[in-house]
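Shared between the two complexes below is chain A, which has chain B as its partner in the first and chain C in the second.
Let's turn to the complex of A and B:
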């Protein structure tokens, strides 16, 4: 009986459902094409995934605190573009990286400031920032994408090891550090409380504005950091980089069990969600399905994940309340 | 018996509306005070001031004989005044243990105000806190949204007890509860007295607070219109005051 209960409480966790979905997709595509899971394909997919994982983690934590950031795709392009252009202007590479990442932090701060100071939905504030940051990127490109300056220490971030790139280890480092922060530290408790019920959190003395601001800044920083990794991998700063990434990272978070209403989600879920999307993309190609079906697959996945999680959490609540009535 | 809270001439205006008019009140230590009044009587304004959420425009508050001025709920909580708001006392999706320690987590490896939570200690202490108020729940990891309304109020009261609150302000704690659950909450509140906790029980439902109150205070239109010991009044008298102001 007690074993039965613990199994049920495990299934109720949204990220577990995501993980099962992940396994189903992996097995399904493996059956369609055995080479889907050979070292070569895993190397290809996991070579591009880390950047998405990092952005998805930032988005997930911000969403758990109860806010959105639609500007991550634009920041993903703006930060590496400014780093490259600053290096071309003669600024030392490491200092340019530092200043570039500061831009991600500043954009996050501005997003948070506008949202919190004027009490407008972050959806709108960051939608504005989506256009502003993208526009700034194009302006910084000065008409033609600049060449990649090879004095930048890109190997440190994207070096291709036997199977994985260095970027995967960076992504794992981000996941572990922020996973511990979110799930084990008091700051994490404040983030969940703020997103779960802001009034209750502030009546318990939590400075919910500061908590949200922290999440905005973190999200902006991670988006910029991830964009830098992508540019370092491609060795080409493109002004179009990260186009539609904001929606894809929200998709990753939601597939990973993060609630649109805040207060629910895990770092692990966001990581799995991001990996799942990339393998879905690869699997569709490997199964010789027209690649245009990727978006249809992703769309279906989002809907299935959210419907499933909603169903599960309603059921869990009902079980609990029936028990309480006994 | 000594007074734990004394209010003198409290006034509060909200954009021109005189929400609290020259209110003075004495609250005895270890008593249950029923604060009753219809909607808009000024009950909420009074508790917001006592809990530090709002500041009075004039007047003074004395706590344990010392003059105090709360700039935030945190300051009031640090002195031992804990407020339980009607709808927003717990985070539904979070576990009992996490809820009990919101904003006051037990941490280790601290850097400034930040640190890692001592999860095990928090779980054990949460269970102990629940048992102390005679609330027997299965696990400290159960999300609060799986509890009944009465159990939730029990968790909130357990939290206040755990942090050694001296005064507990309960804002409509029995609203929307079944009769059975209401009785549970009333038992929790009654039990507080013997543990040295003063409670201020805000309600518009006289029949809920009357059985457990030692003292009753009736408010209408921002003013205190009656302030009586239970032995000096009857439920009919109070009903009359409530209805006719």
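Let's turn to the complex of A and C:
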């Protein structure tokens, strides 16, 4: 009885199903091309993945609170571009990083303010911000992308160790800190309550507006931070950086079991979702399938993941009911 | 549960390719699949691969010009352990380390279509198969200048994407000619301006239309891609007749020919993209098979005007031009 019960409680967790799917995909692509799991390929994929993990965590927490942010891809480009330009203007590197990350925070605040103050869907408010921030990035290039100033402390964020980059440890730090916040603190409880049923949460005395504002700001900050890491890795600020990232991040969160309707999801799920997408992309190329199939693969995976998650949790609930009857 | 897992596993395993080709080559390019120009490059690449029975893969992007994604595709190609890579180099620095890594792993890398702006001095790639982009920009403008009217001249240069080296290198060639033209005509007022014009017909059309309305003295618009065709439709909508604003650009695509038929586009440059796909594969093959060394191939900068359209159209059905 207790064994079945623990299996059930494990399986109803959508991120566990995602993890199983991740393993299946890893094995499948390994069969397609043994080099898929070579140290070289792992090094390449895991060099890129931390940037996506950090954005996906921000999106996941915001979605759990019941809101969206479509501007993360643009903020991902805007923050590092302004950091680089500020350094070129003579601002000391660490101060430029601080000011750049503040821009991410301000964008998050504006997203939250417009959504909450005017009572419009965050989908619309942040769609507007998607265009505004991308346009500001182009403006910040001053007509021509600037060279990377090597006085920036990029090694601290992206130093290449044997297999992983320093950015992976930063992503893990973000995941652990925010995982503890979400799953072990009052703030986390407020976020789940706000996203699950805002009216009920309000009547319990939770300041749902403040909770959502916090999540918007966190999401903007993390998108800017991740974008900065990408620029540090490439040693070039690219105005095209983060293109379509907003949809990939939402996909990562959904694949990882975050509900589109709020109130459900975990940091771990978003992390696994982001890793899965990056390995899927690499696997399709390694299997020598033309890259345009990546989007078809990703699309199918989103559908499969959600259907699979729904099936597993229904199945597990049924096992539980049968056991209860016994 | 087991059943579902096995279905997923089996469908993923289906991705495994069974072809047992002698060599594997990858082409890592900087555009998405919607860009009409690349069809001829792709055709040349596929035809060459079929002739030598090579297993070939063309890696496109989700977003036109997303250099981070292109770098990732280049790195994945190295990890695949292919026998040769053809790539474009659209940024002067970010691809350098990956090119060096490929060469260190014994994978020859040649560039096609777009080279490092500094050529061999800027990248360790073994050869370049493509147009001299700067010279082509210069020649295009020189040829178009023969149609310039008397009096003051103001030229608008549409640099599609300031972040792409192929775009600004061609733009620099256009600007260099304008400087020479200005020096050669000290008694006339000769000016030019560059704008970031965009990577699709409607964006370019909107931007050029807005510019022309604000600057009615514009003599000519030169695009670094084939999007002068979008500008043609836009100036027509503004009420301009054919040739009232001279339009020129690069490459042979249907929409440009249509605008040439209507008299709105005066000149385009042919870089023979089929060669860029075709010759690069054959080079990689011969380098692998016989140890031959790579060589640069200039695929040309032939000027194409409305009179040439009919001849070129006769090859269009073959998707090579």
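Just so we're on the same page, the second predicted complex is superposed on the first by the 309 of 326 C-alpha atoms of A that agree within 3 Å, B and C clash if a C-alpha of one lies under 4 Å from a C-alpha of the other, contacts with A are read in each partner's own complex, and residues count from 1 in each chain.
Following the convention adopted for this analysis, a contact is a pair of C-beta atoms (placed from the backbone, for glycine too) under 8 Å apart; a residue touches a chain by one contact, two chains touch by 3 or more.
Note that the coordinates shown come from a computational prediction; the quantities given were computed from them, not determined experimentally.
By the touch criterion stated above, A:264 is placed in contact with chain B alone, chain C being left untouched. Residue by residue along chain A, chain B and chain C are tallied for touches, and C comes out ahead. In the superposed model, A:199 makes contact with chain B only, not with chain C.
With both structures placed on the common chain, the touch criterion links A:141 to chain C but leaves chain B unconnected.
In the superposition on chain A, A:294 contacts chain C only, with no contact to chain B. Of the two partner chains placed around the shared chain by superposition, chain B is the only one that A:189 touches, whereas chain C remains out of contact. Of the two partner chains, neither chain B nor chain C is touched by A:105.
No residue of chain A lies at the contact with chain B in one complex and also at the contact with chain C in the other. Put simply, chain C touches chain A in their complex at residues 1, 4-5, 8-9, 11-13, 15-17, 24, 32-33, 55, 57-63, 65-69, 71-73, 75-81, 91, 93-94, 161-163, 168, 194, 196.
Touching chain A in their complex are the following residues of chain B: 53, 72-74, 77, 83, 85, 87-94, 98, 101-105, 107, 113-117, 119, 142-143, 145-148, 151.
Chain A contributes residues 180, 184-190, 192-193, 196-197, 199-206, 263-264, 316-317, 319-321, 323-325 to its touches with chain B in the complex. For chain A in complex with chain C, the touching residues are 20-21, 24-25, 27-29, 31-33, 35, 38, 40-41, 44, 48, 138, 141, 143-145, 147-148, 230, 234-236, 238-241, 243-244, 281-292, 294-295, 304, 308, 311-312, 315.
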